[in-house]
Structure formats: C-alpha cells, structure tokens
C-alpha cells in the first residue's frame, strides 16, 4: 500500500465535512489525475453528533477503501476527536481546532492546533466556511494535492455568488497551516 | 474520451442505467440504495422518462414490470427489507419473461439489521428469493466504474434473455465515491429486446419453436396477447397440469444455463501459479486483492478469483481452480453463504476456508492475509 | 341486430371459469358493449388484473391483457399508464384483491388521481379460494373462516375511494345491467382515477352459506337493496337502513391528473433547457 495516504475529516454533522471530503477527492482525481476514494458517515450521525468523512489518495488503484492507518485526521469537535482518533498511525498528524478541542488524546502522532473556526467566523466573517478553511489547512499540511486543484474543485462545488468568499476561506486556511506541515 | 466524474457507486449505477437506455424507474426510499432513486428522480424528467416513487416496494416492482411490458427499459433499486418485499413480483417477471433490472444495495440483516453498514448476506436470496424454480442472473460489481459498466451489461442481459437481472453490491461500494469515466454513447454495446416480425395473428409470445428466447412484443404495438403469472402455453394462456409446464420451466432455466459463456464474467488476478486462491466478490473482493498483493510480497503464491457474475455461479471455473490450488479462502459479509457454492463446486479437491463477518464493517485485508497463510 | 360479442372475445378461450349462477358474465358483457360504444381500438386498451375470480376476465378478451399477482394490479397498471399515458388502462379486481391485499395500492392510486378505470367486482367473499370472509363481507354473514358469523367490520368501497382522492366514484350492480353500461361509459370517459364498485353474486361460496336459496334470490336481493342515488337521497333517514345508492356517487372534474402533471413537468424542463421559459 505504498503511496497510499489516508485522511479523515471529523466534526459534528452539519459542519460540511462530507462536502470537504468530496471536494478534496475531486481535486485529487479530476484535477490532479490521482486515484482517490471518498466515503462518509450515513444516517442520523450525518445530521448531528460526531460525523466523519474519509479520503484515501494513491498513485495506484485503491482496492481496500476504508481508512485504517490514518496519515492525517482533522477534528473540529471534542467528541469527534476522541471517537475517531484511534486509527491515526504513529507517524501521522492530528489537526484540531484549537478553541473547540481543548483536550487532545495521547499518542505517538504529531498534534497541530489551528484556529480553524475562529478564522472562518472572524477573519472571513462566516462560520459556515470553516470546512473550506480546514480544506486549505489540510492542503498545506498533507501536500497530496495542489492548492490550484483544490481551488478549482471548491469553485465547482460551492453555490453561485459565494466563490470569492470560499476562495478567501481556502487561502486563509492554507496560509494558517503553512510552516506547520509534517 | 468520455466524461470524468467523481461519483458514488449508487450514482454510477443510475448513470449506467441511463447509458443503457433506461427511461423508467419505480422505487421506494430505503437505505443504502436511495441515491439511485434520487439520481433518477433528477435525470429522468430531463430526458422525458418516467420516475415513480410508489407507495411501497411491492408496487415499485409491479410498476417496473408494467413499464417494461409497455416498452421501456425499467429499473428499480432497493436494499434488504425492500428486496424481500419485491420477491413475489420478481418471480412474476421471471415466469412471464419481462426484462427488468433490480438493484440490491446489500446491508446487514435479517430484518432492519444494519441499514448503514455493508452486508453480503442476501446473496442466496438473490438466487432463491422468489418461490419456485426460476432463472436468475445476478451481477456483483465492486468498483464504481464497474458498477457503471455492469449496470449497462445488466440491461443488455435482461433484454437479450427476457429475464429480470439483479445487480447486488454493498453499502460500501454503493456509497463511496471514486473517479469514473462515462464513455461516449456507442462505446459500450447497448442491446434491445428482439421484437416479433410475424403478423400479429401468428404471434405466440412464448413460442419455444423460435428458440429459448422467443421475440417479445410490447403492449400497444398491435400484438394483443395475454400475460399471466400462471404457467402458460406458447400463446400465453394458462395451462393446468400439462407436460408443457415442465418443458417450459426447463426452457426458462436453459436461457441462462446454456448461455453461461456469454453471461458469466469474472476477474482472475495472479492465479496462474497460485497455490492458494481467494474467492471473493464486492467489497470483500477489494479487500482480498490487497491481501493477495501482501501475500505475494510475503512470498506466498496467492491469487484472487473475483466473480462479476455470481448467478449463474461460475461452476466450471471454481471446479478447475479447486483442482490446482491447495486451498480456497472465501471471505464474505455473511455467516457462510457463498462458501456453500464454492464447496459444492470444489467437491473436496482442496481445502475451503471461510472468513465471516456481519457486524457492519468490512473484512480487512489483514484478516484475509492471515487465513491465506494458514491455508498455504 | 344482437351485439356481436365475438368481435371482442378471444377465440377458443371460453367457456370461462365462473360457476353457474355467478354474475360476472353480466359485467363482462357490459364491458365489451361499452368498449364498442366508445369505439376504442382493442390495440389501445390494457386490461390488468390481480388474483381471484374477477381477475380471470382479461384472459377472455382481445385486448393487451395482464393477469398479475394478488392485489398488485394497480401497481402494474400505474407502470403501464406512466409508460404510455396516451393509452386506456383498466383494472378489474375483486373486493379482497382491491381492498385487502391490494388496499394500499388502491388508496394510493386514488390519491394520485392517475387516469385508470378500476372496476371492483364486489361479491362480498373470497370466491376462488372457497368462501373466506373479505373486507366487504357483511356483519354476521357466514364464511368458511367465520364459521360463527362475521365479526369483522366492513369497508364501504365508494366511500374509501372518495376519501382517498378518486375523482370519479360510482356503484352499479349485475342486476341493473343497463345502468351499468352507462356508468362504465362515464367512468372510462372521465379523466382521472375512476372507481366503479359493481355488486356481484357468488352463489357457490357466499349465497349457499347465507340463506340465499338460489342465484336468482341473490339478484332479487340486489333489486331490493340498491336504488338510484337520486331516489335514495329522497328517502327519509329512517328508511335508508339496509338500502344503498347506485349511480355516480361522486365526481369532481378538473382535478390534476397524475400523468398530465408529470409530463407537464417534463415539458417545462424541456422549455427551460431550450431557453423558452
């Protein structure tokens, strides 16, 4: 499974993490011509409570589609952080929202704390773009997909009239995380 | 070059149906297959097709058969409990030889089970779910691209053999998104039912002298005929306690059995020199592929047999495989169903080892690798 | 000249399966006369049925005919109508087929107001299986599965249809055969879902158990029990007990028909795509 990179987006239902996963996978497959698989929580948990979305990126064909050795996990809530962190591999990274995840589980993995939600609500002025801020940060940290491709994928998915807002959010997240890479 | 998209398996299934010329969908909401209906609800009105959300699963299956008899290529999609409810009418389509395609996105069961988790425990129901002897074609794609192409094939087989075709995949491949290339029209073959060319007065809808698959007239095209779920004669009218019933039911089975070369499709991976084989389909087939690659790295000569047609079962292939390997490992998300078929075909020629799991998670490559090492 | 039924009956398919004294033959002939009066091409009719004695009727007539599973005729018919909204789709069903096992499909077809004509042959019993009580068996009546008299309350089929949204509801009887022709003509002409309950007699499994001395007795019972709706409505309330109206009981024109609404949507999307909004 060399060249395989596993990402888990977690938080609470409604934070747009499924969309973030889909956009990241589209950036990888459609624009960067890599292989990717995206999967997500279904049913009641997707509408509230802890929820997750996963993307696996690889140069070669992906057969087993579930994330089991996670390279990067994003947690935007305390509940999601503890519910889903266990599959992070020792050399992996846990990226948490520094305001909403106060307590971080112990592990060999690296921890990165960023003000994702605060950046969205204060710098961009719209809390609902936190998922796009996170996407920018993840792009910078993982280096799996080019920021240009992520930007194209974001613009193809967001509602008309919100393009500039989302572009700004993406770049704010990207800048926030640069220098904090693995 | 076709269109490149990132699609869910369920969405790719709907795209495959549209590619094959499907213009009729009848369904009922059920997890984890609902996205097929949602996609068709958006697309069919755009192309002038008919979309119906019926009052229940039974009516949905009935509407699909009605639509098909009136000349449409028709699709329904469901999961476990809904698949159980559809069974009587699936048998009706088999006996009356009305082509249609039924998607079963398998979840855990029995009963409500695990609606949001994968399962493979409907696989015997796909074969034997409706009462009575009947022909069945059931396809088991495992990748999003494959769901697309196998859905096109399902419609082709349904039309070609005048029979319902089931596509059975699982919640994981139904819900996950992968890159897919939707080919331009004309790239993949699309088959339509053979219509009669004789004058209506001479038409017999079940005329065995025309071969095992007699031409099919659509309703309202001048060939007024009778369709009944009772056993019937060449003219479609009921017969009672007649030798014809026996010979006609044999013909129905023969439509599938004598065309195995056309219907049975599978992938063989690293099997040429394999000493241990894994037999797996759907999500378990994907896990198995990773496991087989890991086994090869560990110096074990392992290979994968991955059926894309599970019914009719690839009997000859499994029999031949069993004669040249030490063991066959069968991972499945059930408590041991398809292994019974593998065992039946292997006839004791090699060891058969099952891996079973029904807790709503897939079988991991590591579990399969451990069993491959044991069987080696 | 006498009506030439042969033009509509499939050669070699008679005799029918119905028992001596069964009234289904009367309705059968009425339906053929009506199709002739309306001059509908045989090629343009799909006649769909489920399971039961009434459901055998399609086998005898020279239309596009479909004999399906128990209770599900309306599901199949809905599929046919949506695939070919330009054609006539009719359903023949029994009381058990339409309102017990097929009750859900019956109310939802009414709710959609899809342009299908539904003839419910109500003989108050499951005849084909040998006389078990149905959702219309009168209280106290004997049935093979109510050997001490029926304790199960019954449906009023026209009320059920009206309540569920059917836009044309009528009742006729096998005794009032001339009136039945008129009702069927109106029902088939009506755009939307039309239900015609047709009171029938099953001497073999219902009459014999319930003190009807002969099939004629059952027809005489129909004569005494059912009266034209106009006359029924003039009865003082104390005289309506045990009497039922026949004729068109409910009609609402101009309600949206399902296929028209759906294909109207298709047309609207097409116009939008072509920029002709």
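Assorted remarks:
A, B and C label the chains in the order they appear, each numbered from 1.
Simple rule for what comes next: a residue touches a chain if its C-beta (ideal position, glycine included) is under 8 Å from a C-beta of that chain, and two chains touch if they have at least 3 such contacts.
As the structure is a computational prediction, the values presented were derived from the model and not from experiment.
Distance from chain C peaks, on a Cα-centroid basis, for A. When every chain is represented by the mean of its C-alpha atoms, the one lying closest to the mean of all protein C-alpha atoms is B. Computed centre separation for the pair chain B/chain C is 38 angstrom, with centres defined by C-alpha atoms. Per-chain Cα centroids separate chain A from chain C by 60 Å.
Counting partner chains per residue, chain A has no residue touching two or more of them. For chain B, no residue reaches two or more other chains under the stated contact definition.
Across the interface of their complex, chain B is touched by residues 1, 22, 25-26, 29-30, 35-40, 42-43, 62-66, 68 of chain A. In the complex of the two chains, the chain B residues touching chain C come out as 24, 26, 45-46, 48, 50-52, 54-56, 58-72, 74, 88-89, 92, 219-222, 224-230, 237-238. For chain B in complex with chain A, the residues that touch the partner chain are 4-6, 31-32, 115-116, 171-173, 175-179, 283, 286-287, 289-290, 361-362, 364-365. Here chain C touches chain B in the complex through residues 10, 13, 42-44, 46, 48, 58-59, 62-69, 72, 74-84, 87, 104-105, 108, 262, 265-266, 269-270, 273, going by the rule given at the top.
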